[in-house]
Structures are given as structure tokens and as C-alpha cells.
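Questions regarding the structure given below will be posed in turn.
Labels A, B, C and D are assigned to the chains in the order they are written; within every chain, residues are numbered from 1.
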Amino acid sequence: MTDFFPDIPSIPFEGSDSTNPLSFRHYDAEAVVEGRTMRDHLRFACAFWHTMRNDLSDPFGSGTAVMPWDDGSSSIENIERRINAFFEFLDKMSIDHYCFHDRDVAPEADTIDETNRILDQAVGILERRQDELGKQLLWGTACLFDHPRYVHGAATSTSVDVFAHAAGQVRRAIDATHHLGGAGYVFWGGREGYSSLINTDMPRERAQLARFLEMAVDYRRRIGFEGRFYIEPKPKEPTTHQYDFDVATCLNFLREFDLLDEFMLNIETNHATLAAHSMEHELRSAAAAGVLGSIDANMGHPHLGWDTDHFPTDLALAVRVMKVVLELDGLGQGGLNFDAKRRRGSFEPVDLFHAHIAGMDTFARGLKIAAAIRSDRRLDDAIQSRYRSWDSKLGDSIQSGQCTLEDLERHASQIGEPIMESGREEMLASIFNDFLR
Amino acid sequence: MTDFFPDIPSIPFEGSDSTNPLSFRHYDAEAVVEGRTMRDHLRFACAFWHTMRNDLSDPFGSGTAVMPWDDGSSSIENIERRINAFFEFLDKMSIDHYCFHDRDVAPEADTIDETNRILDQAVGILERRQDELGKQLLWGTACLFDHPRYVHGAATSTSVDVFAHAAGQVRRAIDATHHLGGAGYVFWGGREGYSSLINTDMPRERAQLARFLEMAVDYRRRIGFEGRFYIEPKPKEPTTHQYDFDVATCLNFLREFDLLDEFMLNIETNHATLAAHSMEHELRSAAAAGVLGSIDANMGHPHLGWDTDHFPTDLALAVRVMKVVLELDGLGQGGLNFDAKRRRGSFEPVDLFHAHIAGMDTFARGLKIAAAIRSDRRLDDAIQSRYRSWDSKLGDSIQSGQCTLEDLERHASQIGEPIMESGREEMLASIFNDFLR
Amino acid sequence: MTDFFPDIPSIPFEGSDSTNPLSFRHYDAEAVVEGRTMRDHLRFACAFWHTMRNDLSDPFGSGTAVMPWDDGSSSIENIERRINAFFEFLDKMSIDHYCFHDRDVAPEADTIDETNRILDQAVGILERRQDELGKQLLWGTACLFDHPRYVHGAATSTSVDVFAHAAGQVRRAIDATHHLGGAGYVFWGGREGYSSLINTDMPRERAQLARFLEMAVDYRRRIGFEGRFYIEPKPKEPTTHQYDFDVATCLNFLREFDLLDEFMLNIETNHATLAAHSMEHELRSAAAAGVLGSIDANMGHPHLGWDTDHFPTDLALAVRVMKVVLELDGLGQGGLNFDAKRRRGSFEPVDLFHAHIAGMDTFARGLKIAAAIRSDRRLDDAIQSRYRSWDSKLGDSIQSGQCTLEDLERHASQIGEPIMESGREEMLASIFNDFLR
Amino acid sequence: MTDFFPDIPSIPFEGSDSTNPLSFRHYDAEAVVEGRTMRDHLRFACAFWHTMRNDLSDPFGSGTAVMPWDDGSSSIENIERRINAFFEFLDKMSIDHYCFHDRDVAPEADTIDETNRILDQAVGILERRQDELGKQLLWGTACLFDHPRYVHGAATSTSVDVFAHAAGQVRRAIDATHHLGGAGYVFWGGREGYSSLINTDMPRERAQLARFLEMAVDYRRRIGFEGRFYIEPKPKEPTTHQYDFDVATCLNFLREFDLLDEFMLNIETNHATLAAHSMEHELRSAAAAGVLGSIDANMGHPHLGWDTDHFPTDLALAVRVMKVVLELDGLGQGGLNFDAKRRRGSFEPVDLFHAHIAGMDTFARGLKIAAAIRSDRRLDDAIQSRYRSWDSKLGDSIQSGQCTLEDLERHASQIGEPIMESGREEMLASIFNDFLR
């Protein structure tokens, strides 16, 4: 076993009274909730890009992260050290899954062939480590936004040659994901959007994007990749307007181009809130359409207008997320990926542990509380009861399409003013709060 | 002719050097632009609710508007005076179209029958006045949000009886619109949304809404109403989350419930910006999907988070709107409805004139400038030229679906690094500005 | 005793396991925390305007609130019934304090004299009821924003006559507050701001406001009113820009016009967040300047851009607020006023109870948790320890003004690169969460 | 003369009908407006950091800017080439002033002494070039935010040693500015703010910042630097909350620590809008307090929540800015610094020219239009006239402090209801628009 975090032990579960910051107070992997272990419910994943490659630089400053294992080079030795440190981290944290971008593990070289060769080597290292430690790739993806060639987008580039480059890169990233037994592959929008409409043909670019995804679907079929394909809503940043703005926009796009059977959604909290939705709204919208596939578990800051990717420490939020997941009977092949980064001031290696503990404990509590709310049933019953007037002959007749406006006008005229009932929003919020303990 | 605005003459066109505030400096109804009169391009409409019924109250204060013609009662005499004042206003302003809510002209009475009787009378008065003055109803609608019974929504109410009331009301509003020869009918979302997910079954409510719209489509067919049906995107207010959030959300809804052939969109600037989109984005999104039907021409304030319904005085915005309209070869049966209200401090009757002049002149300039930009072609050519690499054998092969990821990878490998070109955003913005004169 | 809420008993404390929604699960008035009863720490107040006069209308709809005690008239009998219902509510809720606007209890009549006569009568009724039930007026205020005469502001009106009206009204409101033994008087900005700079002389209006406040200070001295004077930060709504934008803006104003010794601040959560600050930021800013006087305990919605005045049910927020209050050793004469309204859908009388229970229980838990955090000391110690390098000769020399840039340059050159420490933000957030139970 | 932009000539003024994108259509340096040349009114400055050092990278991607003169090294030859390219750019653009950060021209070396030696060399090169070409330093500053040591702030760092480093760096940056005859020195907040209050002692940090500024004032006195000292409001980014939030916050800080006589403000449009203010509001607030010193002329995007630093192309905005500047009789030693960057897609060297032309032409038009509005007087007269009731005996008596609340109540009672006048906001907006040509 490697030892890049020599002073940090495997993180134990110590229970809610522990004051040891390097312990789980709530995440007890084998504890059973609603007939399944926490491990199986939560399917935590760690993101290689944030945990290993994010140096905590920001638009106003150089990186601060202390990474003694990283010499900054693109040598295969350095690549291997990063991977080894990553798996040591996963192991000590009891995190079962991971996610990665192709360029995270294989920086771009001078030629495509050389880049692909390095990628193959990196994939080999990943494979060995995941097999040794029993870890699984939750999803892979391609980085189609960092390189200057993608300045005007990848699939939506003004240049057909850039589209071709992106296509080749995605092919290799799907191959890598397939080889590693990945449970999914994410097409995050990256720079698929526009900076300004003054120089953009939006319908053309959306059609290019659809064509690109169709080719990927065709490829998946041919190679027999069984993982899910995801697209990921995000409203803005880096572009002014991302084509995958939110869940509804993604659904509209998938319906328009007849791709709804081929893709599910990977939904991120901070993207939801940047689009002025609650995370619960986005999750329920996707779940209702049958496309809630996986979750990027982070959060934003209510007063900051950019993607802050905070670690998720909002307990009420975690309850709401886990309640949707439990109602769905789990995310299946999906999981909870911490697409989250430490604050720039948390630059020591141990802060990686603190940050992930914070997120995991928050979601473990969220799971337990969501299960308690479901078991109690007061909140779910309150919703159902509100619509009970629809469980009637009239309701049936409307829902089955056997009613006209005239029929209903007649009914209204007969009954006169309907008797209205309070929605009891504050009472329900208070009951919800009673479970936060 | 009535005379509710005795000191105000019909507003003349006096040209851009006039300093007479009660003149048009730009809107010259019969002036021809791109082969059509300004009147025909712009199809201005005035909203009865803002112009006649908005007393400029706000959540912190009583109404300030001075309306000498209105005694505050629901008597038929008062209803007639309001309508007469309205048409005098349209006439003096050379505005050809109008829009109204049923409850604007016929306040709710004690029984449905009585309410409908008053509505019929009001429609008779509207009919006489529009025929006398040659005005046209751009669209009608029903007010499904003011009455306490609609507190939990109308079509999306928890109560089936409220749904029935709404159905009856809509039937009568469609009848009224049909009778008046209206060019369209709008289903604005009103309270179709939720205050909180803690007491809401969102999928159920969306299905109710779809069923409601299907019944209206069925009714339209049966009575032979030829006007367009519109839904109107709005993200929030009065509810926390409106189901018709934005254009993409509306499109997704229409596709999901197979209603895309039956509805177009009525798009409002202030709703677009509350949803964090530019108006141009929303218009182009709708136009590309073939559903850009009509426009609510107002604007919001960039630092205020509610629907302020300012009169549109942003010249660059008007240029962008009119450029989309010209590209579409006009809005057809649709038009530009000033869904705008004076600020609370502009409470004198003459301010109605000032406000509409401001909006009409802004859009008249917008029209002229948009036509000049189109004639010049530099901006359109710049966009088209950016995608010219797609006009190639490779581009064709991709677009026609004859290419695989592997083919493209081969191509990318052969050509090496693509040559990139600047998007020239600042240069194009500067050229755009040169037209603002 | 009156009986306007006949089916609702006095709300008992039943402890955290109770499922009775009409019970306190956390607010136990006589329970002692840090040596003082909950009652004394929290000093809850109920707002007459929201609880008795808010009919839950909004800009899109008529009122929904069921208020059987209110016939809608301005008769003295109706005024008395409202007051009686209010005090019955306070009594059953064990709320010790209340706040009111002059026009809440005494609607404006035809003449100033008549209005003042009604106000005197209403004050007499308030006095009797508060004395009977042992309730106290936390603060009074004047409604300088509802009447059309205040359309352009009150103290900042363009009209000197409106300024005079406002002055007279404030005089009477201060008298009423003084007579009732009020612990404070609030000058909320109302319409003191602007709709647009295009017709506003901002420096002139700010000077008018200062003069107005000086006159009130002079008046307070003369009549011997011992209550605190508060101004209340709010960034916008109803005006586009309120002159009392946030805490810093208020402090700047008070310093500029030499009023800092005369006023404290009444800080509202929803106003803080509309100004893009956290409530904790505003509280700490005011506390550091010695002007944290009282709190309007509500909350907004992160995705809505207007003043929603939700009842406060965010537990973490309540902890942060109460921690500041405990550090200050209490608010003195100030208190926690629920400037909060039920959602429009919660229109039944019992919802007033549910809503206030939700807020009171949230703050009671906030108090207990804040005290536990203080007793534990880990979080406070972490902050203090971060600055320990300043507890040094160099730190002293800087703080006492005995150091120059050159001295420090020399020091920097000698020590070389400073050793940096992580800020541990995620670890501390996780510890904070551990207390939320 | 160097030749880094060989294909680009000096930009000529060609008048408003020119279609040459590499010409000024409005900026005619020697044209006279209100008795002064455009050059003297506008005092344009170019920012070294954006124009020479910004590679157009963003949080999601590597730099795209093509900079053939820059080999990426910190060699003195490379530093000189950057400076030479910069001055060639200034010369061809007819921009008279520039601004720079110390680290722009002198990247940090291994030791403080070595860094300072490189800075001295760079300053020598700047001095030669500015003297040869007749350019002036508008202001200098120190980069106290890029280096990891400033992760927790500079003057507000938790570490006294970091404070010392910052002090030494500022001393040298002031020296460099003084040596170059700079007209000002800016203390932009950088990381002076907090990421979270959970680990921050805000009052302590604000006091540190004040102490730091006092030391700089003391130093300025001792060396006889005559340039202005500026602080620069910004609400957030990079920190969650910057201590210099907005103009009012800066004024409050300067008053609290008795620094108001020593500092003016450098106000940036994009910072104003991120703080939810209009730029005009911030400018007028500063002007009224006598501290409007200089302007960072850029703009943001209304739907993006971060500092986008767009080049300013909003004509109405430029009119409003220049109207304030004309009312102030100019900015004195201050100027209009384009703290603006090209979009990432505008990566060619010629885009630097396009972008600055766009900004300069916009402000030249803004100047001409603002002067026309002032000469016309309709808008200014409208404001003044609104307050005319204050030009009365009663108004004088109030303003001079000889009136009591009782006096005013008597007056109000005598006059009865005041006669109210419309604020005419829409009419004035329409007149404003008439000037946009």
C-alpha cells in the first residue's frame, strides 16, 4: 500500500458523540436503512479532478493546495503517483466509487497518438488499483473545455475540425470507461453554449450537439458499453448561456432530437441553484420523466453567482435529496459524486479528509432522516390528502378525457363556491424540522 | 366620441427633432420599412388591465392612479365608462390592437350566471367600440389568479371543483374572444405552480394542466375559433415556481403532452429576464421551434427581482427584438402588447400617454435600426462566415449521419491541430452600436 | 377573556417527541439557558400588521385570509375586535411583546384631527389589553408608505407639505409608543428611496431624511421617551433603491449626519439577504459598531427577489443569530419580532398558530444549540487561534501605531516566506453540523 | 519604434459613417466639448494586466490569447518586450494613460531583494517608454492576491508575517508609482474579505486593514507622493464578502477610521452591478461625498454573477457616467481606466484594438450626448422643479433646524391634503432616449 497521507489513519465510524474530527459521526457503511446498507444507498464517489488535480487556484490567484506527491510534470511516474495517492485516499475514506476526466489522468501530449498512448497507460494503472482495492468507476468523461481548440465549443464549435477532434477524444474516453467497467459516462456541456448571440447561430449549434450525441449512442451500441449515458444540466459558466441550462431544457432537447431513451441526467446541486431552481425541484422533475440517473453532490453559496462547488453540508438539503432517492428506490447504477472542492484556504492534504467527511456525514444523516420521515408518513400523507377531491367520479372523468369545458361549467354552477382548505405550509415545515436531529 | 382625456390631442408624428413630449418622434404609422408599414410590422396592442384597471397600488401601498372616469363600482355604467376611456386612449394613441382579461371588463358577481351576464354585456360594449374605431382584439384571456378560490392554482388546483370553475371561466373567455374576432387567446400560468414542494405533487399538477389545455383545444375545434392559442413563459411570481418557467420548459411540456401543434408562445421580456435569460435568447429559442407567436413588450429592472413591467425604453433591446421579428417575416396574427405599467409616481392620466409614446417610439426606432442592420448585412454575414468549414464534404457527411466517431478521429489525427479564428465579439458589438442612431 | 380562536387552546410545551402540531416541541418559556430563561433571551414579539391586518393578498390576487372577527370596516368596534383577537392570540401563544404601525390600529380618517382621535381610542384599548395580560410593546412605528401622499417618499418627498404631514404623523406615533411604555420606536425606510435617478436629487433627499430624524431626536428628548430609536436596513422594495440599503449604508448615514449616538438598528433577515448579505454578516457588522438593537426574525427564499417575509424555519440560521445575541449578552430592550407572514395558501386562523410555533421552536432550538456551541468552545477557539501570531511584539507594535512600512519590509525580508496554515473551513462546518440536533 | 502589431496602423478618426472597424467613429481626441478636448475629458487609460498579461484563461480552461511577443518566461528581455508591445499599443490607440500592478511587470522572484531588483528594472523601462511617447501613469498598485501567502488576505491576513510582506510590497509599489510620476495609487481589496464567518474575526480584520492604510498614508507624507490614494469598492469575488463592498461601505469604513480626507474612490461599473447598484448610483453617492476620484470603465453581464469585465459598449450607461463626470467638472487627476478584458473567443492581437475602440467610441459618444443633455437642460430642470416647494419659508425653516414636529403637524393640519404631482419618469426616459443618436 502507498502512503501519501502518512499521518492520517483510515477514518473510523465513532458515532454522533465523537469529537474526533477525523471520524465519521454518522456514516456507518454497513448500517442498514430501509433494508439496505448505507454504502448501497449512498454510492459515494470521489472526483479525481477536484481531489487530485485542483490546486485551488482561482481567477485572482495561483494554486495554494499542498500536494507533495505531485511534481507538476506530465511524466508517467507523476501520473502514477497521483493515481496512487487518489486510491489511498479512497481507501482511507471508505469511498467505493470514483469519477474522472480523461485529461485528469492523461494530460494532452504533442500528438493525438501520443496522448492516447498515455491515456492507455493511465487506464492500466487505474485498472490495477481499482481491482486491488475493490473500487468502481461510477462514470468517466472527456475534458472538452480546457484546451484552446475548444474555445468556441466542442460539438458546437464553429469549426468542423474541432468537432472531429472532440469526436475522437470522446471515443477514447468511452473506450477507457468501458475498459474500466464504468457504470456510466457523462457528457457535461463544457463550452457547449455561447458567449454572445451576436456571433452565434444557436439552432445550428444545438443540431450539431444532437448529431454528436447520436454518434456516441451509435458507438456505444457497437462496442456493447452497458453503462448509462448522462447529460448534465448547467445554466451558465463557462459560457454565458449553456445549452443544457436545466432539467427542463435537457428534457426538451432530448425529446426534440429523439434521444430521450438513450440518456439520463446527472444533476448537480450548484448547477440547479445557479439556474434559480431548488435541487429538489430539479431532482423531482427528472425523476418524474424517468431520467434521474446520478447526482453531483455539492452546493453553492446563496449570494455568489458562480459555480462554487462547496462540499455539501446543508443537512435539510441532504434530507430532501435522499427522500427523492428513496422514493425512486435508489439511483441504480448512479451514485452521489462529490463534485466539490475545498475552499482555497483549506489547502492542506488533511483538508481533503475533513471536507469529504463533512459531505459524507451530512448525506448519511440525510438518509437516516429521510427514512424516518417516510416511515412516519405524516408529510407524505399530507400531500396525498390535499388532492383527495380528485378521487371522485368527476376526477376520473376529467383524467380519462371524458369531460368537456361545458360539463365542468355545469358542475361549477351547481356546486357554487368551492370549499377551500389551507395548504398548511408552515405546519409541515415545522414537522420537517422536528426530524432534523 | 367620448372625452375622458380632454386636454390631450391625438398624438401626432413630428419627427426626431421635436421636443413636444406629446408627439411621436419615431413612430410614423404609415412609413414603410422592408416593404411594409410600421403599423403592420409592429401591431401594437394596449393591455386593458394595466391601462384601465391598474391603480398603481403595490404591496406597500394603496393605489395612486388618478382615474376620473372610474367610480370604483362594478355597475354597468362604470364598466362602460372604462371601456370608453380605453378606446378614446387607443384612438388618440393610434394603437390598433388591445388585449383584456375577462375580469378586467366584467368583475365577478355573486353567481356564475350573473357574472356571465355582465361579461356578455361588456363584450357587447367592446364590440361596438372596436367596430366604430377599427380596433382589433389581439388576444383575450381569463383571470384565473385573483379570486381566493384559485389560491392553490386553477387547472393545477388541489381541488377538482376549482378545476371545474376554471374550466367554465375559460370557456366563457374563449367565447368572448371568439365573438370579438380575437386573433389569439393566452393561457398565462397565473398560479399554476407551487409555493413549496413540501405540500405539492408536481407531476400530478402538471398532468392536470395538460388535461385542461387539451379540453380547451377540443373546445376551440368545436366552436371553430381560428385564433392562436398561446402559453406564456414565466419563472416565478406569484408562485415560487411557475410550471411555465421559460421557453424551453414550455416546449418540453408541450412535447411531453403532445400539444406542440396546438400552442404557440407569448413571450414577455420581463419574464425572460426573471428566468435569467436575455429576451433575444427566448425569442430565438421559440422561433427556432416554430412557436414564436406574440410578444409582451415591456422590460424589467436588472437589480430588482420581481416583475416590474416597466415600459420598454431600452433601444438596443428593441433592436434585438425587431431583428428576430423581421427574420421571421413578422409575427403573423401576433403583435407587440405593452404588458407594461407606469411607475407608481406617474399617476396622472397624461402619464399613460407619455409611457406608451416612450414604448412605441423605442420600438419604432428598433424596427428601423434592425432593418438597417439587415440591409447592411455585415452582422449576419459575420455569423454565417464563422461556420463556413461546415460547408464541406466532411460537414455534409456529419450532418447527414454518415460519419462515425472513428471516422472523425481519423480525420482529426490527419489534420492535426485545427486553425482557430477569433469570434470578434467586441468588433461586432461596436458595429452594432454604430447603428444606434 | 375574548374567544376568537375558540377551538385552539393555549399552546403547551410538550417536548421534542410530541407529534401534536399545536404544541411547542422546543420553546419552554421558563427553561434556563446560560443563566436566563428562554423567555428573557428571546423576547419574542408579534407584528400586528402581519397577524391582524395582512389579508394575504399579493400583486396578483385578492386576500385569502379568513378573519371572522373583522368586518372590514374602520369602526371603533371593529378596531377593538382586532385588538382583542390579537391579544387572545398573544396570550395563547405565550408571546410577551408586540409591535404595531399607527395605521394598523387606526386607519386614516377624513381629517388629521379625526385620525388622531381614533388613534387615541385605539391606544386606549391597546393599553387596557396589554396591562390585563402583562404584554409589552416592543416597538411602535408610523406607516409612512401606504397613503398616496407618500408616493414620492415621506421625509424624502419632493413636497415640503408631505414632509410636514409625515412629521405630524410621526409625532403622534411616538406619543402613542411613549404612552404605551414601548421599549423602542422604529423608523423603517418605507418609500425613502428612489424609483429612478432620472427624476431624483439623491443628496437632497438624504439630507431631508437626516433633518427629519434630528427633529424626532429633539422631540424624544423633550417628551422624555426612553425607548430606543431604530432605523432598519432594507435595500429595495418598494423603491428601486432604499436609502437604508444595508447595515454599512445605515452606519455611513448615521456617521455622516452625526446621529450614531441616537439610533440603533433593527435588522431583518429577509432585508439582509435581499442586499446579498448573510444575516450573520449584518448582525456582526452592527454588533461591532455597537448598534445591534433588535431583530426582525423572518427569512426570504433564496430564489425569489422580493421581500417574502417567510416565517423563520431555518435552524442553522437561528443558531447563527442566537450565537451573536448571546455574545452580545442579549438585545437589552430589543427583541425578536416575527415580521413574517403566512404563505397565501395558509389562510385559516389556525395557521397563525402553526406559523408562529414554527418560528418560536426554531429560535428556541437555535438558542439551545448556540449555547451548546459556546460552552463547547471548539469553534470560538478555532477563530481565536488563527490570529495568534498577532499576539506578539510585532503585532503589538503594528496595532499601537509604532511601525512603518519600512520596518515591516525589513521584517518580511528577514523571515522569508511565512508559514501558512489552513483555515479549516470544512472541518469547522462539520463540527457546527454536529450541534444541530 | 517597436513593431509587435505590424499589420495594424495607428487608429484614425473617420467619423460616424465609416465602416472601417479599425477606425474611431466617435473618438476625436482634439474635438472640443464644453470647452475642453475629448482627450482631456476622458483621460482614457489602458490596464497592463488585461492588455498584456491576461491570457484569457478561465476557471474551465487554459489561455487562448495569441501573444507572439511573450515567451512566457520571467526574463528581463521578455518583460521588456511586453512593455514595448504595450506602449506600441497605447501609441497606435492614442491612449494617453496606463495603469499597472507591480507583479504585471515584475513577477515575483525567489527573494524579496531579487523581486525588488526586477521591479526597479521594469520601472526603468516603463519610465523610458512613457517619456518617449508622452504617456502618463494614471495609477499604480500592488498585486496582493495572487501569491499563496495572501490566501487569507494581505492586510487582513490571520498572519502578522503576511501583513509584513504586504506592507513591504506596497511600499515598493508606491515608490514605483511615485518614481513614474503616477497620478494615483489604488488599494483594491484583493482578498481583504472572508470566505466564511465560521473562521473569521471580522472586526479584527477591518481594524488591521485600517492600520495598514494609515501606514501607507504616513509613508506617502514622508516621501512626498502627490498622487491620490484610492480604495475601490467591490462586493465579492475572490472572497465571499469583500470588506469594500460598495461606495457606502467604503465611506463608512473611511469615516469610522478617520481616513476620509486621505482617500478617494476608484469606482468600477462591474463591481457596482455585482453589488446590486447601478453605476450611476455609485458615482453619485461618491460624488456627493466628495470622493469620486477615478473610474474603472467596464461593464458586467446582467445574468452572470461574477466579475466579467466586459468592455463597455452600453451607450446609455456611458451617457450616465459622463453626465456625472461633467457635473463634477471632470475627474481631475483621475481618469477612465479600461479595466476590461476581451472575451475568451477574441484571442487575436487585433481584438485588443477592436475591444478598446468599442469602449472608447462608446464613451466618446457618451460624452457628446451628456453634454447635449446638459445644454438642453430639460432633464436637469425637471429634477430641480420637482423640489420647488422647498424653496419657501417653511422649507428654509426646516432646513435651518428651526422647526419642530409640532410646528409641522400644525402646518399639515392647516393645509389639509397636499397636492401631488407626477414624477414623469416615463416622459423623462423618452426624452433621454431622444438624445441617443
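Convention: contacts are C-beta pairs under 8 Å (C-beta built on N, C-alpha and C of every residue); 3 or more make two chains touch, one makes a residue touch a chain.
Since we're looking at a predicted model, the values are computed, not measured.
Comparing the chain pairs C-D and B-D, the larger number of C-beta pairs in contact belongs to C-D.
For B-C, the matching interface among the pairs A-B, A-C or A-D, defined by over half of the contact pairs being the same residue numbers, is A-D. The geometric centre of subunit C is 36 Å away from that of subunit D, both derived from CA atoms. Centre-to-centre, using mean CA coordinates, subunit B is 39 Å away from subunit D.
With touch defined as above, residues shared between interfaces to two or more other chains in subunit D number as follows: 64, 148, 151-152, 195-196, 199, 236, 276-278, 303, 343, 345, 347, 420-421, 423-425, 429. If you check the complex, the residues on subunit D that touch subunit C are 111-113, 148-149, 151-152, 158-165, 167-168, 170-172, 195-204, 206-207, 211, 214-216, 218-219, 235-236, 241, 245-246, 248-249, 251-253, 255-256, 275-278, 280-281, 284-285, 288-289, 320, 379, 382-384, 386-387, 389-390, 392, 394-395, 398-399, 401, 403-406, 408-413, 415-421, 423-425, 428-429, 432.
On the side of subunit A, the complex with subunit C involves touching residues 16, 19, 21, 25, 64, 273, 276-278, 302-303, 311, 313-316, 342-343, 345-348, 350-351, 354-355, 357-358, 361-362, 365, 378, 420-427, 429-431, 433-434, 436-437. By the touch criterion stated above, subunit C contacts subunit B in their complex at residues 58-64, 145-148, 150-152, 190-191, 195-196, 199, 236-238, 240, 274, 301, 303-307, 343-345, 347.
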